[in-house]
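Next, two complexes with subunit A in common: one pairs it with subunit B, the other with subunit C.
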Partner chain A sequence: MPVYIDISRCIGCRSCEVACKRVHSGHGHVNVHFVGDHASVPIFCHHCEDASCTLVCFSGALHKEGEKTAFDVTRCTGCGLCRLACPFGVVWTDKIAHKCDLCEGRDSPTCVTTCPANALSTDFEEASRRARTRAAIVAAHGGRR
Partner chain B sequence: MTQVLVATVCPYCGAGCGLYLTVDKEHATGIEFMPEHPASQGALCSKGNAALEILDHPERLTAPLHRNGEEWARISWEEALDRVARGLVDAIKKYGVESVAVLSSSKCSNEENYLVEKLARMLGTANVDNCARLCHAPSVVGLNRTLGAAGMTNPIADIANSKCIFIIGSNLAENHPIISRWIHRAKDAGAVVIVADPRVTHTAWMADILLQLQPGTDVALLNGMANVIIKEGLIDSDYVAQRTRGFEALAESVKEYTPERVSEITGIAAADIIRAARAYAISPASVILYSMGITQHSTGTDNVQAISNLALICGHMGRPGTGVMPLRGQNNVQGACDMGALAEFYPGYRKADDPETIRYFQSAWGVGSMAEAGSTGEDGAGGTGAGNAGNAANAALPLGRGLTATEMIEAAASGRIKAMYIIGEDPANSDPSSKHVREALESLDFLAVQDIFMTATAQMADVVLPAAAWAEKEGSYTNTERRVQWSHKAIQPPGSALSDREIICLLGQRLGLPFDYPDAASVLAEINRVVPQYGGITPDRLTRSRSGLIWPCPNADHPGTPILHSAGFKFAEGRASLVAVPFKPAAEDVSRDYPLILTTGRVAVHHNAGSMTRRSPSLLEREPELYVEINRADAERLNVEDGDMVIVSTPRGQTEARARLTDGVKKGVAFMPFHFPGTNILTAETVDPEARIPEFKVSACNIARRK
Partner chain C sequence: MIRVDAGKCLGCLSCSTVCPSQNIVRTETERTRSIHWKRCKEECDLCVELCPAKALALVSFDESVPEPEVCFDLVACKICGSRYATEPMLQRIEALLPEKVQKDASGLAWIRVCPVCRRDIEAERATSQLVLGRSRKSI
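And then the complex of A and B:
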């Protein structure tokens, strides 16, 4: 399953960037963007349902495997169409395409494990579940104190 | 499969995150996360993730070096140690033992710090200190006075149990990123977060209430909050009556700090001061987290005491989710202080000016007897290797406070200190008014520097000794929550570099001291005997555990003490002290020539003076150069645009930096990170009168566009 971000938690430490690059032999697939003075948003592959990168990939290197937008390195021609097609700018080409592989072989994606603030999660519901819990507590206490 | 995982403790900040190194045929090939770690739960910040980059860095020091004019010559360990021993002994013979100063390192292990201070004191000099002087010396002085113990009162994970988290003078989101996860956890459970900082930082992003105060007005804010809490009857009267002394005087002293008056001093709206005070006081469990924004002031000790006042009058102490948390910046700055690498304390915070302390350690270290034995022979037993150094052991341990890190530099400049031995510190970059520091170090007769890289300080040395980095040695480290953890050795140091323990032992032996410790465990065993707080923190227990032990842990069956002060304080009647602290303005104010206030701090991808992170490619590429944050309104007046190179100047000197325009600093305030050599050229040497910490956080400056 893809990685989701709870922007209210991101502290802009860029740990995900450094960790992703470290485990992918120098090719990182996350970029933290700073908006205004202090909001920070990591941008990475959404593993889109109708993924533009898979639609333009004529060799079939980029393809869907269930929820995941998977990549078969043996079929990549390095044409770079995927890079142009990605609406989030998170497919790179350097001889071949590079994108988030959800850290295949690990228990969970590196960025999720390393995030000091627990801003990243593979659970789509997590951020909204937390919000509901907070709301419930506030209601029970008659407002925030 | 030859790959093994070796458990180590991250070499950067005081959070003490655990990480595994993947070791393949003697090489560290990767990092693996440690989900079972109690504070980090497997998380690592950007610095931790980049830690491997410094291990096999091409600039690592791999052989002892000797200065030959402008050149460096590689020399043998024999020759290097002889030269260092002779350099120290010559100064002692010529100018007396007070002319020697030793700077220990809060990057080194507990065992190494213990040996360094023992070496200095056995030579007879009281001048031993570490860079805690530049970060949390006011916490050591202030909290020891008010609470009787200097350290975080509660562990990091306990922040999750808090209902109100008051963060003042700490940008923990960048400096201790993993603490963020515990704050968010508390927020999810309904906690209110208050952040007081002159800047809108990444930490402020977590805040419900943001108090953007003028630099150097913390005491006024804290007194103002105490004023509201007392006036509105929100104090914990039972706690105040049973567990504290000095309330009447405190109540009297804060009377004049009305929200309106404090608003004028701090620039915070009176309503926000009242809101924050109420939120802190009425929550069932409130915690205060603070860091350099509190301590690096000429009123640092006052600031710390004002924090402890606030916690005490509300009774937010000794329970889960409460407490006072000084967040420490180096992986072992807590341990270096615990081990007595401080000018005013012997190991275990025994006061250096107490004759009982001296008697205790003379007996524990066998001091008088050994010096006598040495003086009867031609050459001390341990001095045989060098011959020239002989037995330099002093007949008695020094009584009284020695020179602090900053005073050492001052004394070097004035000629009182003639020889220095600096381990793992870079005062040429990290101390205030660094131009002056460099001149002082250059005027020394002899300077030995022991480090992993050729730092700016090492550049000025006569002899440079190559040391092992964290993964290349074993030992215990005490993180900011007082958790003592064992870091295992993963790989060999590069070239002929040795661990700090080995170097100190070899040097000690050359100087005639009985420094025969075959491994870190044998040093820790001695620490177990002489430092009561560490009595039960044995090598055996530490090496078997991933979560370590939190001191005080007096005996081998003791589980450690995560929460301090739950059964009162270690003063008479178990009462803590409330200390009235009047607000004093910062030493430097704006003037016509220097119309802006410069404050300093850190960024997430760098660490301290930057000798490691500026050599780490994946960190440097993310923050490659010195910058200065300027408020947009000021920038317009100065005719500076975002990205311009500007000259920042103070009475101490000037430096170039790239301008970053922001609304995150107030009008009239500028901010620079101190990871680059330029920043501390600017800062002032004014110190706190008690803790002797320099006022890094407030300097008057001027900014002009580079022509």
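And then the complex of A and C:
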């Protein structure tokens, strides 16, 4: 159950970034990036299937739990290999590793519930339906939006 | 006290983080990272157990043996030039990850790029279609 982004809805308000920091005692795992004046996108953990961070973690702190890339804080030595192995740069090390935990213990990740533009969701069907709709609109307008 | 195999040491942050008595001192400058193991009398072997490279060994206390220290030049990101990792750490990652994931779709060897630039690249990749469409509209 990773978090899906509808980039066309992102308004670049950074609410997700702030909410993530608030929930994780100041250590945020979301970074909103701006591409010129035209687009913004939050960058965070993809919960990759064969996650590089879990492949380099020698202590077993980072591991897969179903779809989730989970983190066991008691096994982390803080070596920093995971930070360097993440292709998207979304694992941090500050004494110990920290990354998106999908807001463990909450009903829904706080970035998803906070986003005022409804750009984030945990529902794959919803994310895929929106993408299909957009593709259909483009096709109906002869490739132009 | 601790004996260090400098050839095996990755220059990672593990031992200096786990040592309960702060006997392993890590000093970072903009370009280098050095790790200094103080002569300790403890029988604790936490750093030995938790070394990812198995570079450490617990040996009996000896006043005459100098305190080990290793120093690494930090590798520069090939995009922004900031120093972000030690060479052995990057080599370890290159050895552990499957070859097919070590280059992204554009052929970039991303392991040699710092995490900050990796996020920038991801943002540009994810928004490229959208930016194209929106910049067309604004013309």
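Points worth noting:
Just so it is clear, the second predicted complex is superposed on the first by the 130 of 145 C-alpha atoms of A that agree within 3 Å, B and C clash if a C-alpha of one lies under 4 Å from a C-alpha of the other, contacts with A are read in each partner's own complex, and residues count from 1 in each chain.
The definition used in the following text is that a contact is a pair of C-beta atoms (placed from the backbone, for glycine too) under 8 Å apart; a residue touches a chain by one contact, two chains touch by 3 or more.
All figures in this text were calculated on a predicted structure; none of them were measured in a lab.
By the document's definition of touching, of the two partners only subunit C reaches A:56; subunit B does not.
In the superposition on chain A, A:11 makes contact with subunit B only, not with subunit C. Using the contact criterion defined above for the overlaid structures, shared-chain residue A:135 touches neither subunit B nor subunit C, since it reaches no partner. Shared-chain residue A:90: touches subunit C; no touch with subunit B. Contacts of A:38 after superposition: both subunit B and subunit C are touched.
Within the superposed three-chain model, A:79 lies in touch with subunit C and out of touch with subunit B [touch as defined at top]. When the two complexes are overlaid, the chain among subunit B and subunit C that reaches more residues of subunit A is C.
In the superposition on chain A, contact is made by A:116 with subunit B only, not with subunit C.
When both complexes are aligned on chain A by C-alpha atoms, subunit A residues 38-40, 144-145 touch subunit B in the first and subunit C in the second. Remark: subunit B residues 30-31, 33, 35, 40, 42-46, 48-50, 52, 163-164, 173-174, 177-181, 184-185, 187-190, 192, 200-206, 208, 279, 282-283, 604-605, 618-619, 622, 662-664 touch subunit A in the complex. Listed in rising order, the residues of subunit C touching subunit A in the complex are 10, 12-14, 17-18, 50, 52, 84-85, 89-90, 92-93, 96-98, 101, 104, 110-111, 114-120, 122-124, 126-127, 130-131, 133-138.
Touching subunit B in their complex are the following residues of subunit A: 9, 11-15, 17-19, 21-23, 37-40, 113-118, 130, 133-134, 137-138, 141, 144-145. Residues 5, 7-8, 31, 33-36, 38-41, 43, 50, 52, 55-56, 58-59, 77-81, 83-93, 95-96, 144-145 of subunit A are the ones touching subunit C in the complex.
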